[in-house]
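Report on one structure; see the data block that follows.
As written, the chains take the letters A, B, C and D, and residue 1 is the first residue of each chain.
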Amino acid sequence: MILLSLLLIPLIGGIVAWYSERFNPDYPRWVALASLILCWVPVLPYFSAFTLEQMPQWLVDEPMRWIPRLNITAHLAMDGLSFLLVILTLAMGLVALSSAWTEIKKRTGFFYLNLLWTLAGVMGVFLAMDLFLFFVFWEVMLVPMYLLIAIWGYENRQYAAFKFFMFTQAGGLLMLLSLAGLVILHYQQTHILSFDYTVLVQNPITGDLAYWIAVGFTVAFIVKLPALPFHSWLPDAHTQAPTAASVILAAVLLKTGGYGLIRFVLPLFPDAAKAIAPLMMTIAGVGVVYGAMMAFVQKDLKRLIAYSSVSHMGFVLLGCFAMNIYALQGAVMQMLAHGISTSALFVLVGMIQYRFKTRDLDKLGGLWQQVPRLSAIGLFFGVASLGMPGLGNFVAEFLVLVGSFEKYPWYTVVAASGLILGAIYSLIIIYKTFFGPRGDSVQTSEVKGAAEVTDTSNREATTLLVMVVILVYMGVHPQPFMDMVQSNLLQTIAKGLL
Amino acid sequence: MSLHYLPAIVLIITVLLSLTSLSLKRHHGIAYLICGGGLLLTMLSLFMQIGKTGTTSELFVFDAITPFLSLILLIVVSMIWVQLYQWLEALDERKEEYYLLLLLATLGSLIMVASNHFTSFFLGLELMSLSFVGLVAYSGREFKGQEAGVKYLILSAVASALMLMGMAILYLQYGTLSFNDLSMQGASGTLPSWVTVTGIIFILGGMFFKLSLVPCHLWVADLFEGAPLATSALLATLSKLAAFVVLWRIFSLGEWHTHAVIVDIVAAVAIASMLVGNFLGLLQNNLLRLLAYSSIAHFGYLLIILLLAASPTTAFLTSTFSTEAVVFYLVAYLFTLVGVFSVLMQMPQIKTQQDLTGLFWHKPTLAITLALLMLSLAGIPLTIGFMGKFYLVMTAVNHQMWWLLSALVIGSVIGLFYYLRVIMMMIKAPDGESDFSGLTMTTNGQLLNYLIIFLVIGFGTFPAAFSQLIETLSRG
Amino acid sequence: MIEVLFFIAAAVALISAAMTVTAHNAVHGLLYLVVTMLAISLIFFLLGSPFAAALQVIVYAGAIMVLFIFVTMMLHQGEKSLLEEKQLFQISGSIGAFLLSAVLLVELVYVLAGFASPQLINGSEGYFTIQTITVKELGIQLYGPYQLLVVIAAMMLLSALISAIHIARRQKNPMQADEEGDQTL
Amino acid sequence: MISIHWLLFLSLALFSIGVYGVVARRNLLFILLSLEIMLNAVVLLFIAGSSFHGNPDGQIMYLLILTLAASEVAVGLGLVIHMYRQHHTLDVDKLSQLRG
């Protein structure tokens, strides 16, 4: 019941939050905070797993009956990978809550309902070990996310939310087909009807059809990642989403794509994964460079960060298909590190937008004098994003590059050049925003009265500083994180090499 | 008379009773109650039959599925009946006849669902269609209603003429009108086999009119828009379900999938319906027209079931799985659709998507119900519509019907656009103009909304019991 | 011999059907439709179904057509239609219908006089004897295994009755009440 | 000898004439007449089948179709009367508010 409670707490908390708005519009955020903190309780005991010598296959395993007719179970289970991502989700949930604390003033109850439900859906995705259940969470988490963007977003929110929903739903339908194909093919080959991951993974399906099914799953996942041909929803969604939604989107929603690749595509379709690896590596390599170059020409800060996400998630894709333990660990690290650094950047942009009413790079500039604390933290995350050694991002990208160099040297070279471009756009952010001549918006807001623009509040500063600490810790001492996932990833690799 | 005829007898008695009370004294309340009591008794008598061993007479078939489907039909009718009183009160017409025609149409559809013979099928169909003409053209003052009535009369007459022609040809070929004999004499016709195919095409043509599938879909939107709202609801649910059940029965009993031409035609119609229906829905602003087009697409999806037998199978689970898929999908779709209509009946002044702007912030229960129903129509998980679609996809994948499946995926994606647009409209911040003060929520309506949410989400999230029931019924 | 009779009757049916759908005047169309039905009735007779032939004349050509004519006449009101009616009964407009029915009459007399007997029909597999179905057989079937059909048919008639009465009931139309002085129905 | 093929062709020809009438005519009264022609084409086949197979089902179907024709005409003419009273026309095309 531990994992189930992990899902139920935010679901119920959301409803309570919505209802509490009737009494006072301030209550919902407190309810949301309380339920998020409560969520930590079930997972806290498992932090001891960091100290374990040998990771068990599953930390928790909770199979439950659901639809016996099709042998669908509500099988929730958590291993090292799921654990890390759930922790990331919960942490980023708090960050999102913190960024929404004062920003959201209208319809607060419904906002926190959607926020909590999105988190519940994402955790469900990370914990579901039944493919049908996984699919259900995969699709359902989009609905509250859609509402978050469509109701509380910026100018063009309806369009952006619509695009986001359509892209991911189209991918989802493809996954539904592949899912049905997978189960039926598995039934044909083994005469076991099951949607359960642990059953399916024991006898991976083979044949031509398996290849197409694998492609279906992969496409669904890389739409979410997002990888190159399907990425265009991300910049729009990010730009229009409210800060909290951007944080959730960047920190955890994108990770579901990478998680799906590592969890499902690689072990369930080892042959097919090998067959499509070159294509995926190409997409990843091009994606890294393309994302960086697009980021380079953006004027809108949020859009810029969104494109940088495309670039960074390219590394995840690269790591997944390199079929190498280092690369895979790198991909996992990248998911964690990118989750933290990018959401921090979105929080910062949110703060800037809140203070200066713009996120146009040309109108910003010279913030250092005005908001030094904010700018200092911004500098840190800008540098983190370019892959400064000693921080989590560097470890991750380095591992991916090392892991994939062995087999795919050329892709690695291309991707590494993406790092250089990354350095350029990160420096552009830093220069144009925090240094450089003062922009229009900055000046006008100064004219209006300096009192209006305040530096980071304690709440904001604490949030960001905690993120700084985690990122540094990941950079200097990444071993526990890697141990956590190593045994399972090794199994995955072993399947692929058989 | 065996117990199996009891529901029909109860309905007939109800009709006669309300006719008598009507001739003595016109009173809306009495007619409403008689109708409701009759529906309730019919449901009870059907409920008693569920799970009993079935029989087959010459004219009718009472297997395990038939009373279940009939019960579903009656639940749908009753859900419409609940709001009928209020809705009819607003109508400036004589009220009592509506109940009479409603009961007769229900009787017709019950007969159709149970029919095992062309004569009983034909009579049930005509009983239903003629009652529907009255129901469509009920409101004599409304220009649109009359137009819809005329169109429906012509449409249904042409459809039944086509079906009759098909029946006549098959009769000439085989000398029998019973569904059971259709397949047995498949080889020994008096005329060349193309005549059989022609006959089948005629019947299919008529059925396509009844189900408003693509080449025959032109007037369906006019009908939905022009007919009184409750009638549109009945048209979309009662008439289509009954027609589809019969089509499914004759298609499988007659083994029509053995004719390659027929398979090609049905496949083409299915694909065209999915794509065209959804595409036309995309261009619609009027909610009723949107529903009309979406129903074209949904019955396009359902046509896949007919073709299953024509494809190689992998003996997946049991052979009854396709039956379960049909039943599940039909039930899911019907509940969803009747839900949409009852929400629309609660807000009669809302006609287009623009009228919905900001509804969520004024009437959250209504808006949430409608939004969930739209998600169910679109097939988003945790709704009953998704479970139906999942069954369908599983079956179709099992039979490796990739062409139809890809059409289904494309159709669903297009469909998402307009279902989502409805939701988008409701959550849009109202710009001050939209005024929902005219909307009064009745307890009736509220309860109905909760019931709909329960059906759509409850069965969508926990379909186990329901799927088990359908499995048992399909086996028996 | 019998096929000649059939062909003539078929030709009459087709011609008059074509005349029906292309007629300008409703009454002429109806007249031709009656001829179509009489021709079909003759074919029924040739096929050895005298009962069906009789019903065709009585119910179809009789009752249903009378309903049509009644409504058509009802719709023609006022001066203009009186003039039209004058033309209606001139022989020129309906001469075709009379000629066609005369042909049918000749055929009927010919058959009744016993010059040809409706005995055989051929299918692709040769000749079959026509088995005349007596009214008794029909009755036994209809009130035996098919008795429920009679009930359902009664319900269908009831439904049609209710629909028709409700639809055609005269309603006061607030919009057109003043311009509609001649609702003398 | 009357060939069964001839009957089939005659019936299909009559049916086509009826379909043509429904599609081509705009006057509701003529549409109803055309529907009658279609039904007549159908009953012709039923009677032929009945004689051919020596089976009373076709004749029973004939009786039922007769009932249907009467009911349909009754409802249809009801609509005709109503429409004529309200609009003084029987042209179906003039009844076209529903577009979209």
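Criterion: a residue touches a chain if its C-beta (ideal position, glycine included) is under 8 Å from a C-beta of that chain, and two chains touch if they have at least 3 such contacts.
These numbers come from a predicted model, not from an experiment.
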{"item": "Comparison of B-D and C-D (more C-beta pairs in contact)", "value": "C-D"}
{"item": "Innermost chain, taking as reference the mean of every protein Cα atom displayed", "value": "B"}
{"item": "Where subunit A and subunit C are represented by their mean Cα positions, the distance between them in whole Å", "value": "76"}
{"item": "Chain centre separation in whole Å, for subunit D relative to subunit C (CA means)", "value": "10"}
{"item": "Geometric centre distance via CA averages, subunit D-subunit B, whole Å", "value": "26"}
{"item": "Centre-of-Cα separation between subunit D and subunit A, whole angstrom", "value": "65"}
{"item": "For subunit B, residues that touch 2 or more chains besides their own", "value": "119, 123, 126, 130, 133-134, 137, 140, 149, 190-191"}
{"item": "Two or more partner chains touched - positions in subunit A", "value": "none"}
{"item": "Overlap residues in subunit C, where contacts from two or more other chains coincide", "value": "123-124, 146, 149, 153, 156, 159-160, 163-164, 167, 173"}
{"item": "List of subunit D residues in touch with subunit B within their complex", "value": "4-5, 7-8, 11, 15, 18-19, 22, 28, 31, 35, 38-39, 41-43, 45-46, 48-49, 52-53, 55, 57-58, 60-61, 64-65, 68, 71-72, 75-76, 79, 82-83, 86, 92, 95-98, 100"}
{"item": "Complex interface listing, subunit C residues touching subunit D", "value": "2-3, 6-7, 10, 13-14, 17-18, 20-21, 23, 26, 29-30, 33, 36-37, 40, 43-44, 46-49, 51-52, 55-56, 59-60, 63-64, 67-68, 71-72, 74-75, 120-124, 127-128, 130-133, 137-138, 141-142, 146, 149, 153, 156-157, 159-161, 163-165, 167-168, 170, 173, 176, 180, 183, 185"}
{"item": "Residues of subunit C that touch subunit B when the two form their complex", "value": "123-125, 145-146, 148-149, 151-153, 155-156, 158-160, 162-164, 166-167, 169, 171, 173"}
{"item": "Subunit C contact footprint on subunit D (complex, rising order)", "value": "1-7, 10, 13-14, 17-18, 20-21, 24-25, 27, 29-30, 32-34, 36-37, 40, 43-44, 47-48, 50-52, 54-57, 59-60, 62-64, 66-75, 77-82, 84-86, 90"}
{"item": "Interface residues, subunit B side, partner subunit A - complex", "value": "314, 316-317, 324, 361, 375, 380-382, 390, 393-394, 397-398, 405, 409, 412-413, 416-417, 420, 424, 427-429, 462-464, 467-468, 471"}
